[in-house]
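Before I ask anything, let me first share the structure, which is written out below as structure tokens.
Order as written gives the chain letters A, B, C and D; numbering starts at 1 within each chain.
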Amino acid sequence: MKNTTSPVQVGDFAIGSSNFVVMAGPCSIESLDQFSETANIVKEYGATILRGGMFKLRTNPETFQGMGREAFDIAREVKKRTSMPFISEITDPRQVSDMAELVDVFQVGSRNMHNYALLKELGHVKKPVLLKRGFSGLISEWLLSAEYIVKHGNPNVILCERGIRTFETATRNTFDVNAIAFVKQNSNFPIIADPSHGTGATALVTPVALAAAAAGADGLIIEVHPRPSEALSDGFQALTPEMFKELMIKLERVLNALDRKIEKPQ
Amino acid sequence: MKNTTSPVQVGDFAIGSSNFVVMAGPCSIESLDQFSETANIVKEYGATILRGGMFKLRTNPETFQGMGREAFDIAREVKKRTSMPFISEITDPRQVSDMAELVDVFQVGSRNMHNYALLKELGHVKKPVLLKRGFSGLISEWLLSAEYIVKHGNPNVILCERGIRTFETATRNTFDVNAIAFVKQNSNFPIIADPSHGTGATALVTPVALAAAAAGADGLIIEVHPRPSEALSDGFQALTPEMFKELMIKLERVLNALDRKIEKPQ
Amino acid sequence: MKNTTSPVQVGDFAIGSSNFVVMAGPCSIESLDQFSETANIVKEYGATILRGGMFKLRTNPETFQGMGREAFDIAREVKKRTSMPFISEITDPRQVSDMAELVDVFQVGSRNMHNYALLKELGHVKKPVLLKRGFSGLISEWLLSAEYIVKHGNPNVILCERGIRTFETATRNTFDVNAIAFVKQNSNFPIIADPSHGTGATALVTPVALAAAAAGADGLIIEVHPRPSEALSDGFQALTPEMFKELMIKLERVLNALDRKIEKPQ
Amino acid sequence: MKNTTSPVQVGDFAIGSSNFVVMAGPCSIESLDQFSETANIVKEYGATILRGGMFKLRTNPETFQGMGREAFDIAREVKKRTSMPFISEITDPRQVSDMAELVDVFQVGSRNMHNYALLKELGHVKKPVLLKRGFSGLISEWLLSAEYIVKHGNPNVILCERGIRTFETATRNTFDVNAIAFVKQNSNFPIIADPSHGTGATALVTPVALAAAAAGADGLIIEVHPRPSEALSDGFQALTPEMFKELMIKLERVLNALDRKIEKPQ
């Protein structure tokens, strides 16, 4: 089984190479203190890219919708302090120009995999785009959504499996580990795994993260919060710093067993 | 079982009243001739609202994406000729102002049920919005998406069941007739049915349309094309004029049996 | 759309002819009084075939499993009193010989659509078999399961759509009305609808029953209980006698509108 | 995360202990030569338990249904030659007594997870039962099916995740790796993985097998055929001997990285 993935460059390293890339951080940026504290933690334990949501897509209009543009200064400051590349979700084609100077990777959420107006707009920038699979997106549709971005000018697409909607209700989503292996063998896009959304339960994140790595994923994106019970969104699936540390130790061992290693933060 | 639906006014009549409203027309506006011809046909056989796509959401970036703004003049002309209210799909929040003067009902497609940027923008207009169910949207999520529009200022939301994605592959989607009955009993929004997408097969449209009416739907939206095999999109699920005529005859008989009638074109 | 259904004879009438057949009764036989009372009610309001479970398939081993063979005498007595044909579920190939003298139609439940040992055994009798669709059975698999019975010698198979398992949780199952229309057009087996299991909610049974009739079903199987709140199984989806009466009135009107009528009890 | 699994003894070793158990062999026993050759191969590369189907559940009644009782002598002979414990599928409660002297583990296939007549019968023997998850079985239903066996007297139940039916069609099933982690944390039954059915594609078996191991599974069941293209059933998901050898090498490295090892054949 040959690896024909075309790596996508982010800063000084590439996603889709033999090195495994870990993105981590809180679901949402909540304050400078919270984001800075979390960034320091995930960097210390080996994450290379910092995640943090500013615009949140929430099913219920009455719930926290993210800090929005008020988070821009916080993100800018924490990037400066940690020197970490930053990934954040874009939810509206009108956000592209403002976000382009701030983020190193645009994240397209699961609900927007079919939002072709947004995908076309992201074709006009050169920044990498992390395209999450729609929670009911066929793999074939997902690859075509990636082609929307490529066709409009931006070849730097990274796929992200984050669990699909099935009949099962014991877990928030069903993480489709088959999709990791299938995409590696049938496309040239790098693919990473989001076991936080893929399971929707803190206790399941670590085993499923290791599974994704063993199946050949190019990286992970993980929700970490210093105090998950206080998180403004999705605390039920966030790892504590201690859990994240343990995950990184096991992850390195599993990857080494398969002749791979973790890309280290600079 | 009491009907507590709050009707939504479109022109001189209301959707969600005892009168049943039929929307019909081609999947896509392809030319003045094609759209005008189809409009005359559907009006003759009893449709009250004219449908016609201008911006199309297509899974594959290489397929026909709709005529876009080039269709605006065609739509304006056919509206004038037929005096029919016009419904068309909006796919980008930046289209709202241009489309607002042209359409009588904004259609939000299945892929955009979770596109909250678009829903919020549609909260700022007063025109009715037909909100299709996401093909994997829970009914509870669908009602919350409707609340996004209401919360931002526009109470004129009409729901549209258009089939959900399931394991079954004999039909394009699984039309969820339960959802019709459930929504009528558990929400105040009118709900109509789209058996064209709900089945994805011309031969199944009529029986499922009748089923939706018998289950209590407030109306239908139906794809009709003078020559389905020549349609630029979705011809496999379009009714011919003759089939549409037969559907309308049967529909009236079923509705009358349940003490309802079809809203007639003016 | 031609009807090529091959009718299946049950007593003096046929399922799959222009006449619509209603089967009704309690989920489970609980006592002679309960079953006799229910039988009288459903016969009075127009049901032609009496249903009543003796062997129940229950997900939880601690719940009521049906009266089993203790119900045989009750069923025999109520059949005699009402002169109604009797349908009941078979759950084990070893029950065939004992049940054959008692039931007029063998019911194969959803969980057993893939139980080929049972299907083969039912091929060796001549009694009609009502084959429910597996809650996750593809239509193509369902038709092949019917072929197991036919291939082993019994052509008298009636299909029953009873809802499929999907991501939706607002209803117990998703009643697949498309399947009714599809089967009528693509197979020769009669098909009836079970809106009790198809919805799993008393309030939804009537609209979905009417929908199934409008879509072309050959009949219905309905759970009725004199006092649903006291039922030992599935009371939440049973109609009261009054609801069943109203359903039959509306059903007749809808069928008449489509030039069909209800098969009357003798 | 504590491991509270209660190991199930098979011959001289236990499933659910720190040692990982690999079951392998052909989908179906086709001849003495084919079964003996395959058994030697899988034993050489490290499988501990020999699998081989005798009674096959096939969707289509016209396809190969297994050799049935004709395979008993072959199985007995190969067991003697290899000294390997033998697992084979039971499809009818009437097979229990005949099979009990031949098999070391009864396998209940996915289609029979809800076949309570069969499960009850298996409660009356003491042999271990491998209970595959129904392809649409909720985890909660699966655990209750296991309780049917336990309640009727047999506590020796091993669960097997084999992929679930979802909307995705790129793979035969969606292997639910979440279920592995969930069951380990929420039940006392050992759980193994079947990546052959879980993916339905030879090329995906190895990465998904490694994923299952990394997620904490207690073992694997793998289809291996000397010449997959000549297999009478499911050749498209069988590993060749060479592929199986490579899987075992990688598997050992991944398990060692997580402080576990593979149970060796005797």
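Here is the rule we use: contacts are C-beta pairs under 8 Å (C-beta built on N, C-alpha and C of every residue); 3 or more make two chains touch, one makes a residue touch a chain.
This structure is a prediction, so every number in the text was calculated from the model and none was measured.
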Comparing A-D against B-D, which pair counts more contacting C-beta pairs? A-D
Could you work out the angle of the rotation that brings the CA atoms of chain C onto the matching CA atoms of chain D, rounded to the nearest 5 degrees? 180
With chain centres defined as C-alpha means, what is the inter-centre distance between chain A and chain D in Å? 34
Using mean CA coordinates as chain centres, what's the gap between chain B and chain D in Å? 49
Residues of chain D whose C-beta touches two or more other chains: 136, 165-167, 169
Tell me, which parts of chain B touch chain D in their complex? 136, 165-167, 169
Can you check the complex and tell me which residues of chain C touch chain B? 1, 136, 138-140, 163-164, 166-171, 173-182, 184-185, 198-199, 203-204, 206-208, 210-216, 250, 253-254, 256-258
Residue numbers of chain A touching chain B in their complex, please. 57-62, 91-94, 111-112, 114-117, 134-136, 141, 144-145, 147-148, 151, 165
